[in-house]
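Input: structures, listed below.
What follows is a pair of complexes built around chain A, which joins chain B in one and chain C in the other.
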Partner chain A sequence: MAEYIKRVIEKLEILGKDLFEQINRGENPRMLIPARSLKNVIFDKKEFILRLGDKKIERDFFNLHKAKKFMQTLLVASFAKELLKENIHASLREAFYAMKRTLPNSNENTFDEQDESDSCIVDLEVTLDVLREQLHLNADTKGRVVGDVIIEDRGDVIDWSKLGSGGWAIPSNVEAIEFKKVEAEFVLVVEKNAAWERLHEDKFWKKHKCILLTTQGQAPRGARRLIQRLNQEFNLPVYVFTDSDPYGFYIYSVIKYGSINLAHISDRLGTKDAKFIGLTMTDIETYKLKNWTIKAKDVDIKRAYELLNYEWFKKKHWQREINKFIEKKYKAELESLAGRGLKFVTETYLPEKIKNEDFLD
Partner chain B sequence: MAEYIKRVIEKLEILGKDLFEQINRGENPRMLIPARSLKNVIFDKKEFILRLGDKKIERDFFNLHKAKKFMQTLLVASFAKELLKENIHASLREAFYAMKRTLPNSNENTFDEQDESDSCIVDLEVTLDVLREQLHLNADTKGRVVGDVIIEDRGDVIDWSKLGSGGWAIPSNVEAIEFKKVEAEFVLVVEKNAAWERLHEDKFWKKHKCILLTTQGQAPRGARRLIQRLNQEFNLPVYVFTDSDPYGFYIYSVIKYGSINLAHISDRLGTKDAKFIGLTMTDIETYKLKNWTIKAKDVDIKRAYELLNYEWFKKKHWQREINKFIEKKYKAELESLAGRGLKFVTETYLPEKIKNEDFLD
Partner chain C sequence: MTQSLDISEKIKEVSIAEFFEKNRHLLGYENPSKSLFTVIKEFVDNSIDACIEANILPTIEVKLRKLDENRYRVRVIDNGPGINPKKLPIALGKFLVGSKFYRLRQSIGTQGIGAKGAILYSQLTTSKPAKIYTATINSKKIYYFELMIDVIKNEPKVIKYSEEENKDNWHGLDIEIEVEGKYTSKIEEYLKLIWLVNPFTKIVFEKDGEKIILDRVTNKLPKQPKEIKPHPYGIELGIFKRMLEITDKKTLLDFLVGEFSRISLITVIRVLKLSLRAEEIEIKDKELKVFDFLKKEFKQDYIIKKTLEETGLDENKKIIELNEQELRKLFLSYKILQYMFKDPKEISLQEAEKIFNTLQKVKIRAPPTDCLSPIDNKYLIDALKKLYPAEYYVAITRKPKVYRGFPFQVQVAIAYGLKELKKMEEEEIPSQSIILRFANHTPLLYNARDCAITKVLMSINWSHYGIQSGNSNLPADNMLILVDFISVWIPYKSEGKQAIAEYPEIIKELELSVQEALRKVYLYIYKKRKAELIKAKRNIFERYLPEVARSISILSNYDENEIRKKLEEIANKKLPEIEIEV
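And then the complex of A and B:
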């Protein structure tokens, strides 16, 4: 049994024993769960990370409004323990179905909607201070990676440099992956699959000795954790490459600082060292991309104003970039670099940015 | 240079030479392009496939309404020839940017929106009778696969049985893949990634000697072509496993007969032999899944009525299934099988369906 499985089962048992003792003492059994409301999400300026504050909510059993949630939370805890003991995994949707049933002699279901079980899963994650993946509850899967790296996963030895055009599909759970060989000088994280395919076809990762990873949009948990592990365990710099618009900037910030929704696990998913390699609004001028820009929509501008107010975008250079977006009212996609020639991104743009260390922090 | 590249370049050159000769004869140069309007999409009852009819449209140069489209089509043809000669690929979006420019001394752009270049790409695909992938223009990428299969792709030898939990990410273009070893008795195509992860974790493909593939929703072109190649080149039966609802049924039909939008390439992407393994509406009763069904929405019922009228769903058993959906007004997702226990799908449902050959055709 893997070390983390023992540790998580132990935490689950402590939770159960504590409740059991409360009952034995004749008390109303209750759990204390860190509050996940927006008010309790704070940006830690010292650690430079989004995290939860100290507010906690009580969830007790003899309470008309809380009894159901109390029982649901324990159902999830018990389900997770079964998963860990059998060493199998379930998706959030499977977990919902597996736990959903009608209580005997009633019309009452354990869970009616997946929202309810999802929310209990996050509560448990926060309370026990473990990752959902360590409870063997898997989030959705997205993302692919190539590079001069050999890993071991489920007993298979996988060479990321020998996977043809497809690359390795990043699973939702990368906790158990063992790195056998990591020959790379940095990790390049690309927002979009098309740009990743271009760089892969041009063998960018071979020439520049990097690990090339695409998140295929907003980074899924598996990819974020993988980026973090590569950064922390191998001291690899991480460069994030996205569209030049508020969504691209936010994708970068989630990889770096964590997200508002998952503030309680920023430290386990965030990569503080990550740097933004582009596209910046300034790049559009420097690299003559104006011809291939797209007009920003009202909703994009609105999003930009939101970004301006986020603590973690308060740095001068980010304020400048975001304001430039609002002023110019256009954006550039990664693919717009193809306007300068298909290989422009591989042979000119990225090598120059890296050589000049032209990054935003 | 790969054989197909020579062939496609030849076709492009024939198109060019033909126009050149028309011009030399003093004619108004024109191309004949098969019409892709709904009226020209027919269901071929003999071949059991969606295909285009015989209607063609003329696209000529000296015609105020057609001159731009004429030139755009030739721009795409010329761009594709460059890609093939250099043996590189471009995504549809990259192609758009790479071809977009403002004509000298004018405000006229070659292309304003990606729709325009996409449409020309399909026109070229239809006219030349080649796949977009063979023009090196790549569609979006989705889907993963595992199994006892060894392939060669871009010089890498890839063993699909040794890729850990992630599997091989199916690229958008599978034309150049060479199969070195295929040890399998059938291909199981799973609509959803979560269900695929369950089956992969339970080693279903090892025990049942199959190739396990997920399309992650509606099947992308790369996955459809891969399924077809496995079926045609290795005589492998193909079983499709989707949610029990009109969208799931349609996913199956697209893999089998092709889609309305891409009717012109059904023969190059469709797998006529594919069979539907479930979930059927009847399965919901047989396998006691009623507790985990979801109420159908109005839009689902509306979609079901559309399906009833498609030629390729006119078979008695499909009419029965679709009508049952309309009558019961509920659907069951793949994950609902978890209600019967997480391993129910691996140990009971699929083995029984396969043993009893309980398929819909």
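And then the complex of A and C:
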């Protein structure tokens, strides 16, 4: 049995024994769970990372409003313990179905929506200070990667350069991946699949000796951990390439500092060296993309104001970028570069930005 | 009550038929369905009253047969004291303007034109006589009459008469008439409801062969309501004047003390003192003492002494010694005494008005209130249980109060959480809760909107008592609220006698009564909701408990059953079962 499995099982047993002791003393059993609200998320300016604060919420059983959540959390915990003992994994969806059942003499289910079990899983991660992957609960797979890299995954040797147009699908758990060969000078993280496909078709990764990765929207945990490992283990700079709007900026910040939702594991997922390559609001002017911008919606502006207040966007150049967005009220998608010609992004925009080290930190 | 007088007067003036035709709507005969309802109501009300007065447990049979689209045969048989055959034609066939304008006595039937009206209505719509059997208690014979009313002469007309042997020692009254009418569910509703508040009654209702039997829930008759004299505050000038005209009392003093309640000699002296002006009288022998002078004239020592006490004149002073002010007092005392011994018929209209107005101003004790007879709360609840199965019942009777000199009392009953929702509520008020209004133990089934009871219910803050309200702020919960207003004189809003007038004292008392009953209901609702909440909690915890125990057992490796048992113990400690006292 792997070392981490023993460690996680022990943590789960401590949780169970603590509850047993409380019950044995005739007390209302309760758990303390770190609060996951924005108010309890702290930006660590020294480490450049988002962390959870000390605020904890109590979840007890003999409480009409909390009884169900209490039961659900315990169902997840015991389910995880069984997975670990048998050394098998389950996806979040599988876990939901495995734990969902109708309670006797009622028409009430243990869980009605996957959201409920997902939220209990995160609670358990935070409470036990473990990753869901360590609980053998895997997030859905998302994100693809190509590059001159060879890895070994569960005994299979995979060459990222020989996987055709689709590339390698990044699994949710990349802990056990072993890198056999890494020939690259940097990692280019692309928000959107379409842009990634354009760069892949143009063999950008070959020409510029890079690893080309798409997060397909908000970066999933597997992809973030993979970026972090490539950065930490091979010292590769990481450039993030997203739309020029608050959502794009936030995707970059998540890769760099971690997310509000998963603040508790930022240190295991964040890549603080990551840099923002574009699109910046300034790029729109520099590269004459104005014709291909889209009018910003009210919600976009609202989101921009939220970003202005995040501690980790307090840097001058970011405030400038966001304010510019608010002022101009337009945004540009990665695909808008195609307005300047299909190969503009591959042959002009990215090479120039990299050459000039025109990044935002 | 003026209406009652007006009607009596009108009856005297015009022919009864004319009067009836013109005032049908006022008397409850405005349309075929209301008319059939009124006919039955008049007979049944009278029967119950007659039985109570004779101390007989009432058994009343109502037989209704449809003869034609708009024609019914109605027969009402009671086991009451019956009517003396000699008096029967007059009692049922002549509209009387008696010496009594109204009786101040709590009774079910109202002093309208009652059974006579029903008989007349039958005659006017079908030209058939009323067929009547009667026998008084211990009568050897049963008497049979076929009776009509000569509407021009206002005389009964006996069409047929016969006697038969009373083999079974029957007593009571058995009236059958044919009327134009239409059946409505209000008739059945009326019979059920009058039974509800007179639960010592047995009612058998037979309609076209189908029978409904409402058996009495008790063999105990209620206390006999006592008749009382009118209180000066409750009388109107017109009636006061008529009373002076027709009284058989010989002096004003006897009239005032004898015909009214709570008027004493002192009250009479005070009233006259304030109503009369002193007039100079000629006195021959001025050497006489005041008392002796008056004694010679008026004889009655005690009354003279009391009068002088009230006017403040020393009875031992000689008249010659009196100063001017004292002399005026003597003249006034003389006048007071003179009027006290005056024949009431000699009082002028202006004097009567003056005395009447003064009577309203002086302080007079409230009338006696032991004349009222509410239903025993226990029997009311027993009857409610039969008609309206519910979770919880409460009935309260407050102490009698007085409005305008009339004693009255309010009784309220509530059946909360009705088991089967019966469609008996009044059509005019679309609300979920059933509202039952009564006056002197007879249901009020029309004009709900105009009635003081409804108005008071509309002003209640229902949410304060944990009860939902709906349209017009009437209660909307699954419950029944019964209000019975009893009095020696019910202040109906109109001759239809279906709505109680809104005197401030009545509104206030109705409000307090309803609130008192609601407080008890609220206590029940509160306990019930609390118990339900605890039960709901228990259910939730009981449902989750096995899952929690199993999970903790998997996590901690301790025995699942042990954890379960301990959790159950904690649950029992935390959530004690609350008993509901009803």
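Everything below uses one rule, namely that the second predicted complex is superposed on the first by the 302 of 361 C-alpha atoms of A that agree within 3 Å, B and C clash if a C-alpha of one lies under 4 Å from a C-alpha of the other, contacts with A are read in each partner's own complex, and residues count from 1 in each chain.
Just so it is clear, a residue touches a chain if its C-beta (ideal position, glycine included) is under 8 Å from a C-beta of that chain, and two chains touch if they have at least 3 such contacts.
What you see is a predicted model, and the numbers here were worked out from it, not measured in a lab.
Residue contacts after overlaying the shared chain place A:170 against chain B, while chain C stays out of touching range. Contact with neither chain B nor chain C is seen for A:287 once the two complexes are overlaid on the shared chain. When the two complexes are overlaid on their common chain A, residue A:249 makes contact with neither chain B nor chain C. In the superposition on chain A, A:186 contacts neither chain B nor chain C. Using the contact criterion defined above for the overlaid structures, shared-chain residue A:156 touches chain B, although it does not reach chain C. Once chain A of one complex is fitted onto chain A of the other, the partner contacts of A:70 are limited to chain C, with no touch recorded for chain B. More residues of chain A are touched by B (comparison of chain B with chain C).
Contact residues on chain B toward chain A in their complex (touch as defined above): 83, 88-91, 93-98, 100-102, 138, 140-141, 144, 151-154, 156-158, 161-173, 177, 193-194, 197-198, 201-202, 291-292, 333, 335-339, 341-343. Interface residues of chain A, counted against chain C in their complex, comprise 12-13, 15-17, 19-20, 23-24, 26-29, 61-62, 64, 67-68, 70-71, 74-75, 77-78, 81-82, 103-106, 108, 110. The touching residues of chain C, counted against chain A in their complex, run 537, 539-541, 543-544, 546-548, 550-558, 563, 566-567, 569-571, 573-574.
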